[in-house]
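In the two complexes that follow, chain A is the common piece, with chain B as its partner first and chain C second.
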Partner chain A sequence: MAYVALSEAEKTYILHGVEDDFRCDGRSRRDYRPMDLETGLVSNASGSARLRLANTDILVGVKTEIDVPNPLTPEFGKLEFFVDCSANATPEFEGRGGSDLAQELILSLQNAYESPLAFNYRTLCLIPGQQCWKLYIDILILECGGNLHDAVSLAAKAALFNTKLPRVTATMLDAGITDLIISDNPYDCTRIGIETVPLLVTVCKIGDYVLVDPSAEEEVCSTVSMVVSVSMRNGQAFLSGTHLTGGGAMHRDTMRNCLELGLAIGEHLDRLLTKMLNLEQQRVGLKRPQIVGFLK
Partner chain B sequence: MSGKYDLLSEQGLRLDGRRPHELRRIKCKLGVFEQPDGSAYMEQGNTKVLAAVYGPHQAKGNQTESVINCQYSQATFSTAERKNRPRGDRKSLEFKLYLQQALSAAIKSELYPRSQIDIYVEVLQDDGANYAVALNAATLALIDAGICLNEFIVACTASLSKSNIPLTDISQFEEVSGGPKLTVAALPTAEKIAFLEMSERFHIDHLETVIETAMAGCREIRDILEAAVKEHLLHMGSASDFAKVG
Partner chain C sequence: MSTNAAIDLALDRVDWRDLAAQTEEQPRVYTPGEVLMPEAGFMRGHGTFVEDENIKSSVAGVIQKVNKLISVRPLKSRYVGEIGDVVVARVSEVQQKRWRVDTNSRLDSILLLSSVNLPGGELRRRSAEDEQMMRRYLDEGDLISAEVQNIFEEGSLSLYTRSLKYGKLSQGILVKVFPALVKRRKMHFHNLPCGASVILGNNGYIWISPTKGQEEEGGEGGFAQNLNEHVPRADREVIARLRNSILALAKCKLMIYDTSIQYAYEESLRYEAHELLQQNAIYDIGQQTQGRLRDADE
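Let's turn to the complex of A and B:
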């Protein structure tokens, strides 16, 4: 993680602020910092999204290709995550410097998406046992301002929403070899349902309290954090993965508080994200705002 | 010439409707990020590049001269076919050395002894002329960081059509269509060339013409970059009320 140097007095100040439910930037323990989300930035990718959470900046591109299904699960498509910690975020990420953080994020996302109930892999299947879609979700971290897990999962979900898979119009079978014909029309495409796609919520323990959306300074003050993966189904929040990070220990009561807070916040976050993505999709024609990207 | 396509139509227009000497549309933005000392974002057509500058800070090891450290990285989703690795391949190492060569000519290194300046470039979308756009973005990031430069260092690409008409600022399709590609990084005011690279084959009689075409493109890009820097300074200065400075 990006290095933030804090003195003991600064840490005490942050700790007292958390105890009084008034953080350094004026938030309560359950508040998120402001976010900017935009989709469709990268035209070379099938789907893309950019998320800016205060000063954390994530860019996600989704690449698609046709692959052979896993023999153990012939009816399922494939999903693969790749995280690139760009040196733009901090010089420590130069070369292979960010590989540890990247691997941690990849494992978090893989655990969250592992259950077929969290992500419907059947929709990516073309011909069982022979052909399926393979999605590469490539995550690019451009700035680290704390709370990477949440930002990464939100951007990945938005990019999946933005993904357009070309429609398969015909299938030709010749001597056991299958050939697919894909539509040339760029508007003739299928979209991926994201209702159950999970979100990660980082719940951070500082002192005797737990809080969400820790900034980089608050992450330094914390001894242990819990990353909760929340998946919505039929309007209800389910847990699809969880793990501790940070090296400290956690009492069972604190863990229960973390899970309850994480599920509640995850549910709220998912509703807001779905609402905003649908709102953006409805703006077509003249109402469609110009893609701004990094020029804002 | 063995080009597969003619890059110029009979009416004198290119495949994307430009005339031979026209640049693609350039948009740029300084101060994109907060943590780097300097940052810039640049779009030239569909090529999108982010640059970040850290430093000058203490150099690793024991050196008496200033060190310019560059890294060129390309997002795995930036190309039509997915890239397996963002950096570490031969092309990114090659571009890293090219960036170092060009930026060393522009930075006043004697002002920063025993210091290191890190310049990190990330290509978000690839549509040709990656090195030129990366260098232009790095120049803007250095200016945003307050690094002392001799002047703007600007890069531009040029090519030659089947009918031997020079083209400016070629796109990805024009690059892969078999035409020659010449990249020039120049200090336009001093009319010096800091970097020159050429691929494919063409007659030496056309070399001077193509270089001059690229230099003209560099001068035009320099004007665009200078306007962006002035607008950025105006924006930052008015936010803190010019009258109260000093």
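Let's turn to the complex of A and C:
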């Protein structure tokens, strides 16, 4: 994690603020900073999204490829995550500097998406045992302002929502070999269902209290945080994975608090994200007229 | 307890250029490599270079002419220090007889052990014990307010805190803005009427803290910290609101000084403190403050 230096007095101020349920920027412990979202802004990716959460800036691109399914799971497609920490975010990421953080993010995403209940791998299947889609989810961290896990998972989900897979028809050839024909029409495509796609919620422990959406300064003050991945199924929030970050340990009661808070927040975020994605799609339509992008 | 979360669409993003369009006189912004004027008869200053007998801009910014000296002042830049500036700085390293501090300038600045007030008398020689105690006075990460004493040849700054108003900062919030947005004034320490103090560092670091009582101020040579003191909720609300107002001013590219902060704070009272993070509220505050500042000028 990008290192932010803080003096003892500043830490004390943040700590007391958390105790009072009134943080440095006026938020309560359960509040998120405003986010800014755009999907489909990378024209040469199958799906893309950019999410900005205060100073955290994430760009996600989804690339598709046809691959052979794993023999153990012949009906499943494949997902592959890649996180790149740009040296634009902080000079510490230069060279190999960001690889530890990137690895941590990849692992927590893989962990969250691992269950077939959290992500329906069957939708990526073309011909069982022979051909399937492989999605490369490339995540670029352009700026670090705290709470990377949440921002990355929200952006990944938005990019998956935006992903368009070309429609594929299979024709049988001799000797049981099948041939795939990909539709020529770029607008003839299928979408991926994202209802169950998990979101990560970082629940950060500062002092004796837990809070969500920590800023970079608050992350420095926390000894341990729990990343809770929340998957929605039939309007109910399910846990699809957790892991702890930071050096500290957690008491059992705190852990239960974290899970409860994470699930509640995850459900709220998921609803909000789905609503905004649908709204954007309605307003933009299938053929995107213009991209807002980074300027303005 | 309810959760406040908001996702805005990029389609609805506020266009910050609208604010600038409301001022009558818009300065011309030169981009790097753009021809400013022919070299003949002019001298090139900071932010310019000569190519093909033309003076060209090497940074993006506005032109400044002093007689025949042409310079370009960049819009965004690191802090370029001047002697006598008030700065807020963070200690990044403790060294032999000096501290290395970050002042948002291109090079780290220096605070010499001989340019701080040590506890127990102003005029006393710095002994070897003092040198061993340096980490007790200022440790890595500590924030200080200081004044620029000298500028070295390579451009790094030497600071001093030998006045009771400077020294180590205690509880509060640091806000970072572009150095160009902080207006140079006589006073950079303000006790605002809303009940908080701000230090407007010329280097773009702004310190907001609860207003201290008279007797506490500057005691102990500026090394005391009130770590056990719990800042009351009312003060916190004022400070959070001030922080968000100052960031709103910076986002709207408005100059930051006591009057503009006071106006922005008054305009912000229509919102809850956490609502001030939203772009529409920021835009509204920027617009209102800009209008009031213009009225005050006339």
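Here is the rule we go by: the second predicted complex is superposed on the first by the 283 of 296 C-alpha atoms of A that agree within 3 Å, B and C clash if a C-alpha of one lies under 4 Å from a C-alpha of the other, contacts with A are read in each partner's own complex, and residues count from 1 in each chain.
Just so we're on the same page, a contact is a pair of C-beta atoms (placed from the backbone, for glycine too) under 8 Å apart; a residue touches a chain by one contact, two chains touch by 3 or more.
What you see is a predicted model; the values in this text were computed from it and never measured.
Clashing of chain B with chain C is the outcome of superposition onto chain A.
In the superposition on chain A, contact of A:L140 is made with chain B only, not with chain C. Looking at the shared chain after the overlay, A:L59 reaches chain B, while chain C stays out of its contact range.
Touch criterion met: A:D20 reaches chain C, while chain B stays clear of it.
With both structures placed on the common chain, the touch criterion links A:I192 to neither chain B nor chain C.
More residues of chain A lie in touch with C than with the remaining chain of the pair chain B and chain C. When both complexes are overlaid on chain A, the residue A:H268 reaches chain C alone and has no touch with chain B. Applying the stated contact rule after C-alpha superposition, one finds that A:A156 touches neither chain B nor chain C.
Judged by the touch definition given at the top, the superposed model places A:L6 against chain C, while chain B stays out of reach. In the superposed pair of complexes, A:V227 makes contact with neither chain B nor chain C. In the superposition on chain A, chain A positions 41, 293, 296 are in contact with chain B in one complex as well as with chain C in the other. Contacts from chain B toward chain A in the complex involve residues 27, 29, 32-36, 39, 41, 43, 46, 48, 50-52, 54, 69, 71, 73, 75-80, 82, 86-88, 118, 120, 122, 124-126. Of all residues in chain A, only 2, 41-45, 48, 55, 57, 59, 61-63, 65, 82, 84, 86-91, 94-96, 136, 138, 140, 142-145, 293-296 touch chain B in the complex they form. Residues 5-10, 12-13, 16-17, 20, 22-28, 30-38, 41, 50, 54, 154, 212, 264-265, 268-269, 272-273, 276, 279-280, 283-284, 292-293, 296 of chain A touch chain C in their complex. Partner chain A is touched in their complex by these residues of chain C: 1-11, 13, 15-17, 90, 92, 139-143, 169-174, 225-227, 230-231, 233, 236-237, 239-241, 243-244, 272-274, 276-279.
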